[in-house]
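Naming follows writing order (A, B, C, D, E and F), and every chain is counted from residue 1.
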Amino acid sequence: MPIAIYAGSFDPITNGHISIIRSGLVAFEKIIVAVLINPGKTPLFSVDERFKMISDALSNEPRIEVDCFDGLLVDYARRRNVQVVLRGLRAVADFEHELKMANMNRHLYQEMETVFIMANDYFYVSSSLIKEAASLGGDVLGMVPKAVAQKLREKFFPQEPCQNKE
Amino acid sequence: MPIAIYAGSFDPITNGHISIIRSGLVAFEKIIVAVLINPGKTPLFSVDERFKMISDALSNEPRIEVDCFDGLLVDYARRRNVQVVLRGLRAVADFEHELKMANMNRHLYQEMETVFIMANDYFYVSSSLIKEAASLGGDVLGMVPKAVAQKLREKFFPQEPCQNKE
Amino acid sequence: MPIAIYAGSFDPITNGHISIIRSGLVAFEKIIVAVLINPGKTPLFSVDERFKMISDALSNEPRIEVDCFDGLLVDYARRRNVQVVLRGLRAVADFEHELKMANMNRHLYQEMETVFIMANDYFYVSSSLIKEAASLGGDVLGMVPKAVAQKLREKFFPQEPCQNKE
Amino acid sequence: MPIAIYAGSFDPITNGHISIIRSGLVAFEKIIVAVLINPGKTPLFSVDERFKMISDALSNEPRIEVDCFDGLLVDYARRRNVQVVLRGLRAVADFEHELKMANMNRHLYQEMETVFIMANDYFYVSSSLIKEAASLGGDVLGMVPKAVAQKLREKFFPQEPCQNKE
Amino acid sequence: MPIAIYAGSFDPITNGHISIIRSGLVAFEKIIVAVLINPGKTPLFSVDERFKMISDALSNEPRIEVDCFDGLLVDYARRRNVQVVLRGLRAVADFEHELKMANMNRHLYQEMETVFIMANDYFYVSSSLIKEAASLGGDVLGMVPKAVAQKLREKFFPQEPCQNKE
Amino acid sequence: MPIAIYAGSFDPITNGHISIIRSGLVAFEKIIVAVLINPGKTPLFSVDERFKMISDALSNEPRIEVDCFDGLLVDYARRRNVQVVLRGLRAVADFEHELKMANMNRHLYQEMETVFIMANDYFYVSSSLIKEAASLGGDVLGMVPKAVAQKLREKFFPQEPCQNKE
């Protein structure tokens, strides 16, 4: 029963990620969405916040499990006894990076295979571009789930709710 | 039980194709290797020859089925009731072409997903380059199965066995 | 008053072409859609048919002129006294080819500039892929205007209407 | 009367930028060269210095306006009532990044179009590579206007004029 | 004493080829310019014509040898006892193709190395684009040596001199 | 007698680098492996450590010289009286970057040529990916020489030897 891991920072999850996951559910029985905890980076959202946004966005998908991990993806995959890693692919620059990663991962865990699904680019904008736009007041609804758009506004314009107060 | 179709001309099958198929068996229960019959092209090997070379090369894999089809891949996939198409991916030029094909196929059959596996490029040389080299007397063993290398020699140098005759 | 030429085979015009033209009308006062007559190629549709399909698809755009030309694009641009060529751009492979063409055209006509608009890839599938799909019975509506889809069916399945006759 | 915005950091303006602007003037009535004020980055030159270097380099072009902006480019374009953004394009890596940006900007401001002009690569070297070379004493004349080369020397080797003093 | 082979169709030689050869002479003692005789293709110029155009264009370079070969490049290199193949590289599409070729050649002749020099793209336009432009009456001087431009005119417009006769 | 410089950070040297150097020795009489001292970056290994790891890995190659330099590569090449720079090339992203660098270097030192050798990608993984994997406990043997793998373990897990002590 093939299971796949879909790993990433998900800081935050976007409609592009969700589109890849839904496509992946056509090919796999179950997908583990695994949030990477990277001590070397300062994310915008805490692991708990990212975990919750993913769970909420995919709450109607019983074949999804949300999880966290740190360290090497190959070690996590071994621990979970999963041999397939799912990745989204959109641009040539992605492709190059993914090729290097797949090369590296083959060195580290020969039995693991990486499979790719092409992102529907209508939904595809990277998390970092979305954060940049949101930080400057851009309306990112349509690129992220509604709840994520709301969370981004709260992060970047925390006083905003107060303005509506009185 | 996810099944995937791996379609192509396989004129002839190469070690690159075989490497993709073996990687695909990690992710899928069963793979249908489907030889495209393209009336608009003149292949080097007949469908029967191509079919036999594939079957021989993969005879030790019980989870492989070899089949033929003509017409649109999406129609074949519908007939076979399969929703996953497997593709190998190695170069950026492949990537571009595949992106266009995946786009097209989404228009024609929305429920079908294309998944990609990166070819190990040690084995990766295209069928047409291999045919060109073989036609000029190059030794292509290592790039194709042994039986295929033999068939290529017979195609391009049919008199050769006679020279050893007397 | 900047005018741009948008040249191509348009065999047939697709929704991708139409999307580029509409985007181009934001930047330019007028766009000349110029059908290339290439004696070295055998198109599916005659120049008249292609001309008519373009005119019909863009009949509600007063700032469009449809025209034909043979020979070098730079010579046509000189004759029309136009210094801007508009091109659609979607894939990296396009990009490479366009770079070579732009290089060549700069040699041949220094005052002419080529400007590019990125295709919205929801609509983007090449004419040749569309013809291939249509020739195998694929439904290409959504990728070409309705009248073009009808013309493609008539080309590839001319007897079809008869089957419904009695 | 089509106007285009050509935005960037211009830290400093290079001959590559100037070549794009001159090409753009073939296609557009007027070009607004807009210096992005990015509070998150520490530029080598102040906004005033960058503004002045651009104005000096393009002083003989009456159809150029130099301006500054912060925040989202789409918001600036809306404020200026301009619907066309001009971008230079040279390398495939540029292309990928630009595709993502254009995608994002379409989400944020549907009526805005991005048009691209291929850089003549004789002049094309990025500002950051030029700064790196200049900081190590490389002679960057030919890649930037003469006044900019002088300013770069002053930034990186401020004592130099003193050595000629006595 | 490293010698390199620079092989190609040279149908005809362009200023791009000449630029690569001159750059190659910085790195190598001697370069063999080897014209590929490909029986499967119909060139515009005969092998003799191509040979002569190359010799004329490079007559002032004593470290150049012009030669012809058919069959596999690796077999020719073995016969000549040369282990280095020189290639020009300009576009990403070239790069992909070259990567496949280099892969193939490593299979066929492990001791041979392929080295690449980036073309100065001012001179870089492919032979086939140049032929297409010349066949339509375009002036290709500046992209090919003067004698080659003359030969192209003679091929495509053979009666032309007669028109000036009386 | 052509000599080439192969410059880089080598932080640390990988099997990919070594493969490029060995290929380069087919084309060149001698190769200077030049460690770039970049005061703006904090390397994992000191210049001495990097120098020693390179020397050890290539100790059986008499035609190799290991050296260090700071400042511009072109200035170092001039000082060493060398006109050829050797670079490895594997991915399209590399290619783009290298094209920009080669462009820049041609501006700075016209007589210098950059030649490229395609990396055998079995060995090709970047130093930074290897460091990331090693820092998380991944086994990088096979991607770097044995002595380098040992040094990486000592850097990232300095107490480890102590655990075996008693």
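The rule is simple: a contact is a pair of C-beta atoms (placed from the backbone, for glycine too) under 8 Å apart; a residue touches a chain by one contact, two chains touch by 3 or more.
Source: prediction; values computed, not measured.
Between chain C and chain E, the least number of touch steps comes to 1. For the interfaces A-D and E-F, the C-beta contact count is higher for E-F.
Residue-numbered contact pairs of C-E overlap by over half with those of A-F, the repeat interface among A-B, A-F or E-F.
Relative orientation of chain A with respect to chain B corresponds to a rotation of 180°, obtained by superposing CA atoms and rounded to a multiple of 5.
Taking each chain's centre as the mean of its C-alpha atoms, the one that lies farthest from the centre of chain D is B. At the far end from chain C, in terms of centres built from Cα atoms, lies F. Chain B and chain E touch with mostly distinct residues; of the residue numbers seen at this interface, under half occur in both copies.
Spacing of chain B relative to chain F, judged by their CA centroids, is 38 angstrom. A separation of 49 Å divides the Cα centre of chain B from that of chain D.
Centroids built from CA atoms put chain D at 33 Å from chain C. Listed for chain B are residues 92-93, 96, 99, 121, each touching two or more other chains. Residues 2, 4, 23-24, 26-29, 83-84, 89, 92, 95-96, 98-99, 102, 106, 111-118, 120 of chain D touch chain C in their complex. Here chain E touches chain B in the complex through residues 71-72, 74-75, 92-93, 96-97, 99-101, 103-104, 107-108, going by the rule given at the top.
Across the interface of their complex, chain E is touched by residues 91-93, 121, 124-126, 129-130, 133, 136-140, 142-143 of chain B.
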